[in-house]
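In the two complexes below, subunit A is the common chain; its partner is subunit B in one and subunit C in the other.
The block that comes next holds the complex of A and B.
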């Protein structure tokens, strides 16, 4: 009868009531949930903030572009273009002179004789340079006029904005005090427009002089140089033939032609100039930066992909256990090298080394060697390759290891050797994993800042592809580099500030896309094997 | 028969040749990395270590950076730091010298070490609190709905966003919009948010790796949800969380781009604790080691005297970060062998 144990004794005595306990549980849950919410909100905020600051760019850039036309800067740039082309031709001439002198030197012609032979050519070159004298004067006169107009338009816009601000905030008396000056744009533009007539007479005169000059062009002793010179003559004739077109453009140009809204977007996405803080006109075109980023990434992946994949295959399939235990952590260890240290190493060692190597006689046969800049795409690419290798290695090795054992065993059972198994079975089976590893490596490279800021040379220009592969030995600027370099100096809310946010947004979108693609690939790959 | 063996011999030769190529590629990577370590280790070691006891260049580690003065005096070239130069002037008041100055190249890197430590501590405290809590919520409490899945994908993708974009965001929001200026607290938030996605993802992964049975067993015994998490989930997930946190530290310490315009000053005379009011502590910029390396390697003209501080700084920084990373790798290897189900 008393055999039934007292159940109560098995359960520990309650110290807190059930309700308090539940409240504590709820509180803990709320704490974690609250933190998660904060994390999510803040991370969402980042995205929203980037977009908010970035999209403001387009409106401001449109104003910037409209001012460019309304103040007649565009008009002056048509003439300036003609003048710049002339300068380029003039530079080409001195280039030809240099080449010719070098060629003669190689044949060990004494210096006096070289100078004597080339004297007619020098005369020709200087005569050619003189023909643009009037053009240059015209450009500089018009530049002064147009920038004065721009200045006054700009000042008026500023004052008007201040006044509107005051009116909105209710300080009408203060608003009255700000006098917005009238700018006589019509007169200023009319004066500017007289430039067309001057240009016509100047270009007619230049054309006549140049045709007679071209007819008397002196011959050059070397056939190769003569050929370049002939090419130059053809180009000059084309240039002269293009002058009436410029005249035509000047005549039809009008400050009142409206600029469509999409020009603001297209001038950002396809603009080939990134010019800031200029007295004349600021341009925010992402193309040179994008090209820089892409070229650096291509060079980096060119080295990192073979090395990373090869080492992944080696470690997962060929290496002995001892090697594996040592190599794997070591390569992963590389990813912990801070990027600024790598960048410093690039400046101190790699750049010097590459330049010294390019001067060595071994590489004489390469046309674009020796290189002049030690910091260039190639230097930055080599260092970034080292940063991408650990990412590619780790993920590719994972993918190779995750191939089910049965695949390998079946392959051996069919009589395949190790190489065949690796090349025909393991690599194809893990291909999507390897590709996603490469993509994530690319994501890392394209978003890297310090190495490119320190080692890519920071020259905002699209590399000159006419040299072929030599283009990768030229300095560039990159998207990450420009943000790091210019962000500290911009005025808050200015077009430049917002342009940098737009660059950040482009970077954000690119890396997000790459990441997403890589994850998609991995998900598919898991399914196909599972 | 003969044809077959010669063919198989040939294929074996090809095989071993290709294996050698792969082996060389692997060792080439290791050689490159080793070269970097050795170059910075040897040249930096000359700055950081000395040949006389105590064998460590204490002034380099405990003094602020100073300007170096180089001048000829009585046939010798003297290189004096700012402070030494002023002392020398008092004793040689009548001597007219024309020194050339090299910025940052004398003295040490003490304020930079302190600044980096402060940045790491603050941002990691922030990131770990929010990150681990969020991971616990996501893996233990949240229901696996579409919303949560979306959040998870978003967080995973944010982990790959370049650090400079976080820097840009931190600059726009904290420095300018909130008006915190270049300050410690702006750096904390920027860096903390930068590692947050990585910490959430890694912590959640190690929480999910704990078998469901452990939770169910505990709940079946009448334990509450929190008791289950505290006693039966967290202890087993801890090694993984710790590893990811330490990797986070290495990343936070190693990044330069996000602090360039949110927290770092190129030069500051006072130490961080020398502030008028305690609130100023949070709103002051600090010197940071990575930014200092950036400044000395690109912003000042290079000459024979700058190498000392460049390599010295790089050496200290590299090996600090390496030490942190090594800890995490060792920890992971050890926890991997201990826990397995």
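The block that comes next holds the complex of A and C.
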């Protein structure tokens, strides 16, 4: 009992009353609870806002798609497509000529002789180009017609919307004043439809000319080029064989065929074009952006995962105390570099270096080298890898360090060496932790904006995978990049504005999914270690 | 609790200056010879001048109050202390069958394969029972399935676990009870057929039945293996060991045949510790 008495003298007598004490406790509780509440509310508001702004997109996009058909733009694009294919064939011809000239140069044939040998080919090529003359004229005529119709339809819709708004707000007199002009769509479309007949005659003429031209195609001196040229001829024949199909499409096309509502969603999720602020037609297809983001992330993880995990293993298992003290803060320091500085470094140093390296004779054997673009998926991926390494390193090192000592000791005591212990005990025991570290690194990479905006090249196109690995040296645009670039310029509430929100939502969903997965893995890993 | 203040002086010159018992009386064939060993963790010296012989094919028990350095000495025998930064033997030598284990020519992997260890806290790997036992063989490069199967069964049988787990060899070792886990760790250590088995309080977490099983096991194992066991349980030391070494504050106070230590100890501290007057 003596001991207890002693203890009591140690603790000073209570000076504040019970009430005050309770009030203070209540205050503290309210403070922390309030903060948590604010965080939750803010998150909820952000989510609601994203959804509200984003989902309006589908309605507007549907109108956009319907207008495309009603104004006959779709009709014109059928012919335009034929013309574009012709251009592609024409480009391929100049490609073949270039290859042939190079091959001859390699055989050290003098320039004059090259030109002389290829003169028939050049003639052929220009004759080929000329065959599309009428087609091009037709396309440009129809384009003007359809644009005018679209324009007037659009203006009418605007005015009608204004008027409806006024009527709704009760200003009937003002509403009366707005005259919604009538648009004679039927006549305009009928004129447009005459294009089908013109197209038929134009394509018949072109087919005839081309078949005779193909029969007279000059031979090429090199076998390899001759082979490509023959392939080209096959493609051209296929092209010509496809023309009746286009005519058929034109004849059966109708502006009144309804566009189902889901096209608005599918054209966003599976659309391969992202074209905005175009005089002709806007397309909001997320695929090129999604592919861009994914490719950049894959390249980034390709570098960041081995680097991050290996250095984590090194630091937690192999490094001496001294090395640890140096390496850990050093890697973690990377994350302190502002991303805009990294992006700047990427443009000025990494991109430049990669292009220079691709031009060096050492890499001649790589088919897609030298590369033409300094800023591309690879450049952005390298820099993003740098940003992901600290995340992966820190979390993986944590996971490895948390493996109970007993596992390690048991392994060594059984005569395992260090490598065996790492590979068979430490890594398996912390695997889910390491995987979740990688996932969080991925989340960081996908969500990163500044570096991709500066270094990915910002060309909105799906890379040409026919080059194989060369695809990763092509410029792309990404989901984050497009939002950052375009959000500042769009009109609030426009389809474009809402489309950007939808992109944001897709991004949000992806990162949320990744984080959820990572957290689940961490929980599992805690259990298995527990 | 140990009341250190009431303890009599232990640094009497007779103990500190005891000559190295080499070969110790009562030990016919010494497997391990520890000679004048000082050991420190960094600057903190934990073992002072320890000299001891461990007889082959017999059980030697280390006893002594908590923190006196039993685990430390045990871990010196298979060089597990190499894993701790700054831990080192500062004086003396440890020989196993005449070879200094700390010599640079000794391969520590070989040493650990010869000197198996069962830890104070059971630590099966987060793998199946089978993989736990097979681990030592696999890392030693044994790939033949039939050989591994045979060794797994044999070691599980020697650890008196086979009957309990033979139907679920491929479930996680974590699904076993604490006592079974400890026996699994023993089986794992036996699978590589070491010559010496070090056991650090193998029964500290076990109920009396499991303890009895492990003790029975130890008595069987000494037919083939040299065993060193650390224990806080005096009855256990009395039941299953042939020789007993008593440590206090990092010093070896006394080592002798177990029967003699328990009936007629040479030192007063030993007697006090054994009879429990100590704490």
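Assume the second predicted complex is superposed on the first by the 495 of 530 C-alpha atoms of A that agree within 3 Å, B and C clash if a C-alpha of one lies under 4 Å from a C-alpha of the other, contacts with A are read in each partner's own complex, and residues count from 1 in each chain.
Just so it is clear, a residue touches a chain if its C-beta (ideal position, glycine included) is under 8 Å from a C-beta of that chain, and two chains touch if they have at least 3 such contacts.
The shown structure was predicted, so the numbers you read here are calculated from the model rather than taken from an experiment.
By the document's definition of touching, of the two partners only subunit B reaches A:343; subunit C does not. In the superposition on chain A, A:198 makes contact with neither subunit B nor subunit C. Of the two partner chains, both subunit B and subunit C are touched by A:417. Between subunit B and subunit C, B contacts the larger number of subunit A residues. In the superposed model, A:28 makes contact with subunit B only, not with subunit C.
Of the two partner chains, subunit B is the only one that A:500 touches; subunit C does not reach it. In the superposition on chain A, A:425 contacts subunit C only, with no contact to subunit B.
In the three-chain superposition model, subunit A touches both subunit B and subunit C at residues 417. If you check the complex, the residues on subunit C that touch subunit A are 78, 80, 83, 85, 109-110, 112-113, 116-117, 119, 121, 123-127, 135-136, 138-140, 185, 188-189, 192. On the subunit A side of its complex with subunit B, the touching residues are 21, 24-25, 28-29, 31-33, 35-36, 38-40, 42-46, 49-50, 53, 306-307, 310-311, 313-315, 318-319, 327, 329-334, 336-345, 347-349, 386, 389, 393, 417-419, 440, 443-444, 446-450, 453-454, 480, 483-484, 487-488, 492, 500-501, 504, 507-508, 511-512, 514-516, 519. Subunit A makes touch with subunit C in their complex at residues 321, 404, 406-417, 420, 424-425, 428-429, 528-529. Those residues of subunit B that touch subunit A in the complex are listed here as 11-12, 14-15, 18-19, 21-23, 25-26, 28-30, 32-33, 36, 39-40, 129-131, 133-134, 136-138, 140-142, 151, 153-169, 171-173, 176-177, 193, 196-197, 200, 224-226, 250, 253-257, 260-261, 290-291, 293-294, 297-298, 307, 310-311, 314, 317-318, 321-322, 324-326, 329, 333.
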